[in-house]
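To keep things simple, chains are lettered A, B, C, D and E as they appear, and every chain counts its residues starting from 1.
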Amino acid sequence: MSAHPANALPLLERLPVALRDACTSWLPESWRWLANSLLSIVAIFVVFATLFALLTLAERKILGRVQNRPGPNRAPLPFLGIRTYGLAQPLADGIKMLTKEDIVPRGADRVLHFLAPVALLAFSILTFAVIPYGRALLPVELDAAVLYFFAAGAATELAIFMAGWASRNKYSLLAAMRALAQLISYELPLLLSIVPVVLVAGSLSTSEIVEQQGTWLFGVFPQWHVFTPWGFAGFLIFFVAALAESNRSPFDLPEAESELIAGHLTEYSGFKYALFFMAEYFGMCALSGMGVTLFLGGWQAPIPALAFIPSYGWFAAKLLALLFVFMWIRATFPRLRIDQLTRLAWKFLVPLALVNLFTAAFWVLSSGWAGPLAFARWLVAGTLVLGPFLVLGRRLSAGLGPRTYRYA
Amino acid sequence: MLGSGLLQGLAVTAKNLAGSFHDPARYVTTEYPEQRTKLPENYRNFPFLVHDDPADPNGTLRCVACQICEKECPPQCIYIVMERDEKGKALRRPKVFDLDISVCISCQICVEVCPFDAIKMDQEYEIATRNRFGGLLLHREDLSKSNAYYHQIHPTEAAGVDAALAEQKAKQAAAKAAKAAPAPKAAATTATPATAATAQDSAISPAPAAPPPASAPDTPANPAPANPPPDA
Amino acid sequence: MSAAGELAGLSAAPGTTVRAVNDPFHGDLLEVSMGPHHPSTHGVFRMMVTLDGETVVKLKPVFGYLHRNHEKLGENTTYLGSMPYTDRLDYLNSMTNNWAYALAVEKLSGQPVPERAEYLRIILAELTRLLNHTCLAGFLLQDTGCSGTPLMYAFREREHILDLFEALSGSRMMCNYQRFGGCRVDPTPGWLAAAARLVDGYGRFLDEYEALITGNEILMARTQGVGVLQPDLAVNAGATGPMLRACGVDYDLRKVDGYGFYPRFEFRVPLGDHGDTYDRYMIRVLEMRESIRILQQALRDLPAGPIIDAKAKNRGLRPKAGEAYGRIEGPKGEIGFYLISDGGPNPYRYRVRPPSFINLTVLEDMCLGQTVADAVVILGSVDIVLGEVDR
Amino acid sequence: METPGQIRDRILARFSGAEVTVVTNPGPAAQHSLLVGAAHATAIATFLRDDPVLQLDTCSNVTGVDWPGREIVETVRQPLAPEEDADPAAPPGVIEEKIKRLVPGSLEVVYHLYSVALKHGPVILRLRTADRAANVTLPSLTPVWRACEFQEREVFDLYGVKFTGHPDLRRILMWDEFQHHPMRKDYVEPDDYEWEPTPHDAVLTKARRHYPAPPAAPEEESTP
Amino acid sequence: MSEAPPAPAAPEITAAERDELRRHGILLTSLEELYNWGRSNSVWPLQFGLACCAIEMIAASMARFDIARFGSEVFRPSPRQADLLIVSGTVTKKMAPQVVRLWNQMPEPKYCIAMGACAISGGPFKQGYNVLKGIDRFIPVDVYIPGCPPRPEALLHGLMQLQEQIRAQKISGPEAPRHLRPEASGEFPVPEFGGSDLVPPRNPDLWEPPTIVRAE
């Protein structure tokens, strides 16, 4: 974990680390790091597995509320029979999934069919290692943390391809091809969208990036990257690409229910299916976490007055807010088509991200401008962001638009 | 601008999300089984047989086993055997009245064609069962329900039926007294002022229900005019 | 987009030659059988799709998975006995099916219909049109990949219409309401007031629905220019209803045949210019707004009087020998009944002209050259109900 | 719109040797139809479609009808051969004769044609096969109206009319292995009513076949 | 594994052993309850509509009735992830093999609800030549919901009946459900298309025509 001067922090802030240290303090020094790492892994896994369970429920509830209905609310607690607004629902689903028969289709590649969900989950867990969850909570301090994150994250699509290929099902195969196309298309804008952050921060270390966002303009306005023109654009590009990377609506093409039954999941049952589901949510969490880290100030409080709330609290709040947006979007949008998906990536997001790189460069260059020049700086950067957006947006939606109709 | 339509859509869903917590129009769930939608009076689900005396549910069935409904039933789910005495004389009541609700489509044609107001539509729908053959073939005993029950589920319609029957009885009595031509045949055509007028209001209109029209003749099998039959 | 147009020639579709499935030069084609169990085939429809990558190069519909012998049963049942069966043809729109059948029988037997009944038929038919188009909008958006939200809103409104149907006819879906020579149940003032409230509020629902989705760029991208149908092909292939009008062909039986009392009402017929999926969707939305106008007029002007002709015979109807073809503008297109009577209690021949079945004739023409995702959406925009397609 | 008679006359003027007769409809609907011989059917259909006065550009409905062979008693009026010296102005003598005749069955296909462009219709075409067994071939009108494609397939499937010139004549509603044409009046459906809770005579008879000796029915308790 | 309630103690069983057995039994009962609780509250239906009843099934999942409250709104399009087959509508003979195939593709434990008259007996269409007279001729049905179509509430009622049935299941012993008995297969023979009917027209192991008991 990070090398913060732990004692300088308030108790609440230190609490998770202190607990861990208390647990391992009896071990000899040479063993302690291993135990610490294992404990961190377990802690992360437990936290995110619980979050996954709650997120599935939250998603069903939010979808329900958007659709004017309550969502799951009847499953009583086991043995007690008390209804708790459906809190027990994920547990019931989990028990059922665990005990469900596991079917491997005849003619499927048994090894790959088994490996795919495992690999997917493994890769998505790997990405959790470099996200700073709090001031003192960074599992692995890596110099090239951002690079590591995207390298591990990209491998998940490979697992989807494995699943699609191994299932020996035509729908799964189509899904596999879609997943690959999607991977290739969206890895680029995803990476390009964070280059400006790296450029401005001058570091690939996530903790460093978060630290740098910890200042306040006039003591009120947080200096998060999203509140700059390039950061805003970068965040939007990142978010769209993250939606695509985590196969969420409107980019859930591999799983496209109305077209490909369940896509790469068509032949998965029982616990393997649950693993896929889990990995999807883990991926979503990881990407949201990275988005929070890079653009939304990580664990920093929005105003200094609220800094007494522990940093991991802020991180969690921002993470949940982003996840809510994921679900909100899922509740609203139709799905894109595969060619439109790739076109959106190559003809819109990638050029925008490239231009955004220049905007960021300009931002860095003009960092000394003050007074009226500061205004000019915003104006120029804003134009650099908005102009290409309008031009490219118009080109992208050429020929599309509302129509007027005649009457006989 | 690209994205404005998307934002508009998000606004609508957000409005519904928030509205589901305070706006009854945006939270429309009836939490069955704790809450139930009030069934409109006209609601129909499977027929039943009306009997007049709860003390003798099978003896006072209005059904005379004329088998008209059996013949007219589109999916052919009614089976009637008339009861006969030792000499083979028809007793004008059903010995067997079986109704297969695994086939019945609740089309109400049996009710429309019945000249004796003997078969009416029930409103029971919680009849899911594990027993395919035992649970879904209803016999005369299962089908027989009291007139009071009929009044309970279709009050307006039942009142009309009762009035018509009383009228018919009075007329029969009068006819008998006058030793006039045998009435029953003509009486059979007396209209059921069937499906009730206020029946439709109860479930849908929070506004005070309008007074029922004097009579609403609408049994197409027997399109009686609005005024009572001439021989009444 | 243009590919479909080029291929839409009259001779093209049935025998269009495509590459061999196993082609050493260009790579293999993928044959996918979509359906009869598929989330987007609206029941048990099946499409044998041949794909080149994601592009559809051949599409053969397979029918019959819901062929429940409606016509044969109709020939073994009395005229009245077939009425509840028509409910189950296009099970979303029992009221219009009832009307079409009643109309055909009335033509066959020369049965007049009282004025109030004609008004009621129009009210219920237009409510059915609202119901059907609302559901279609929901299902179509479900096919484009919405996670249920538009469908939920559509069904929320549908429930309100169903409440009206249930209060009037006793059943939510299988109304069995029309009779030869009139209708079965007279609505009460309370029912009419409830209907008027619903009609007045429906415009607001449509506004919200359109705000949710009509301007959505993703929907436009998914539907504009997708599944273009040429007007001359549409006419030749017997397409009817909103599908035909989306191609810009002005043909609405309510205007053309003027059955019922439609000529008394003021309404317009919206026409599309592109004939694509978006037009098919929008035409339905605009038709709903016209339906609201018709409903407002009908509810305002509903005359008093009997709801069924005094001489009308339903039970034991034996029309004179002869034949009749009666058709109305159903929500899905021209729904017609062709009846031949030999003077008996059952029709000698009972034939349903199913609009969604015949509208599917051009499915392959619309889908060729599009992607598999489009095929699903195009099928959704045809608006089929399998009960009617297979009968 | 022209009456069926006018249309027939125009067709006959255009195609010499074509068989076209007006079939009158005695019912109140009075939708009369044209019975067209198979030989010229495609040409006549094309003519109807392209004729500027009619422009029957769409075929709304295609129906199969089965007319099984039946025995009819009909009165035949035959003019007596005029006698040599009869007054030519007098009406020729007639003898009436009642004969029993076996009308051979046929399969009929009915096409309802409408004009979308001119908004009129219907013009009803009827085509008849020679019999119901061997000669059940009719020309397909799908090349003229695409609308007939699936409907003719349906008629083929359910009635067994073979349409020549149809691009894709396969069974459409029943499965390919199916051997019968179920909408024909003499079709016997498979015997799969093994048990029906409310059997009717026909069904009960069928069901009995599965139970050569049905178990003795217990007497239902009679109503007091 | 032993029976859930400990058997009447045979003389050679000591008190300690009986205690042990009882503990075992309690553990088993708790396990059973947890297992049944999990399954009964997470019944995911197959997204599979056949006819009219499918519309009411969809309506049951919509806002007014909201089958999600029971945890069952996850209509899975793939049979591999589904627990419940709602046969919602007329099963034609042309469709019957596909339905059986879908049933076979579902992993155990799986349940089947026959929704509506057509699925139970062929309903109004039972006299049709292409209509299967009840899906229970080929696959085992757990709950029958009559109606044409049943109201959405009736479907919910049927679902609740199914939940009750699941909760009452034993995980061992002779009355254990099919999926826990090794000798019982969850796979059922798929009928084939014959010249005039399905071959065979029913699954003789599963469905025997009951005897006609009918007073004349």
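In this text, contacts are C-beta pairs under 8 Å (C-beta built on N, C-alpha and C of every residue); 3 or more make two chains touch, one makes a residue touch a chain.
Bear in mind the structure is a predicted one, so any value in this text is a computation, not a measurement.
Between the contact lists of subunit A and subunit B, the overlap consists of C, E.
Traced through touching neighbours, the fewest hops from subunit A to subunit C number 1.
When every chain is reduced to the mean of its C-alpha atoms, the one closest to the centre of the whole protein set is C. When every chain is reduced to the mean of its CA atoms, the largest separation from subunit A belongs to D.
With centres set at the average Cα position, the gap from subunit B to subunit D is 41 Å.
For this pair, subunit D with subunit E, the centres built from the Cα atoms lie 46 Å apart. Averaging Cα coordinates per chain places subunit C and subunit E 34 Å apart.
If each chain is reduced to the centroid of its CA atoms, subunit B and subunit C end up 30 Å from each other. Residue positions 173-175, 182, 196-197, 199, 203, 220 of subunit D each touch two or more of the other chains. Across the assembly, subunit C contributes residues 38-39, 64, 67, 69, 72, 84-85, 149, 152-153, 156, 159, 174, 212-220, 390 that each touch 2 or more other chains.
For subunit A, residues touching at least two other chains, in rising order: 66-70, 257, 261, 331-333, 397.
By the touch criterion given at the top, residues 30-32, 38-40, 51, 53-54, 141-149, 152-153, 156, 212-222, 224-225, 250, 252, 255, 268-274, 278-279, 282-283, 286, 371-374, 376 of subunit C touch subunit A in their complex. Listed in rising order, the residues of subunit A touching subunit E in the complex are 60, 64, 67-76, 78-79, 86, 88-89, 91-97, 99-103, 257, 261-262, 265-270, 273. Note for the complex: subunit C touches subunit E at residues 36-39, 43-44, 64-70, 72-73, 76, 84-85, 88, 91-92, 151-152, 155-156, 158-159, 172-174, 386-387, 390.
On subunit B, the positions that touch subunit A within their shared complex are 1-3, 6, 9-10, 12-14, 16-17, 19-21, 26-29, 31. Considering their complex, residues 2-6, 8-9, 11-13, 16, 28, 40-44, 72-74, 105-109, 112-113, 121, 195, 197-205, 207, 209-210, 212-213, 216-221, 223, 225-226 of subunit B touch subunit C.
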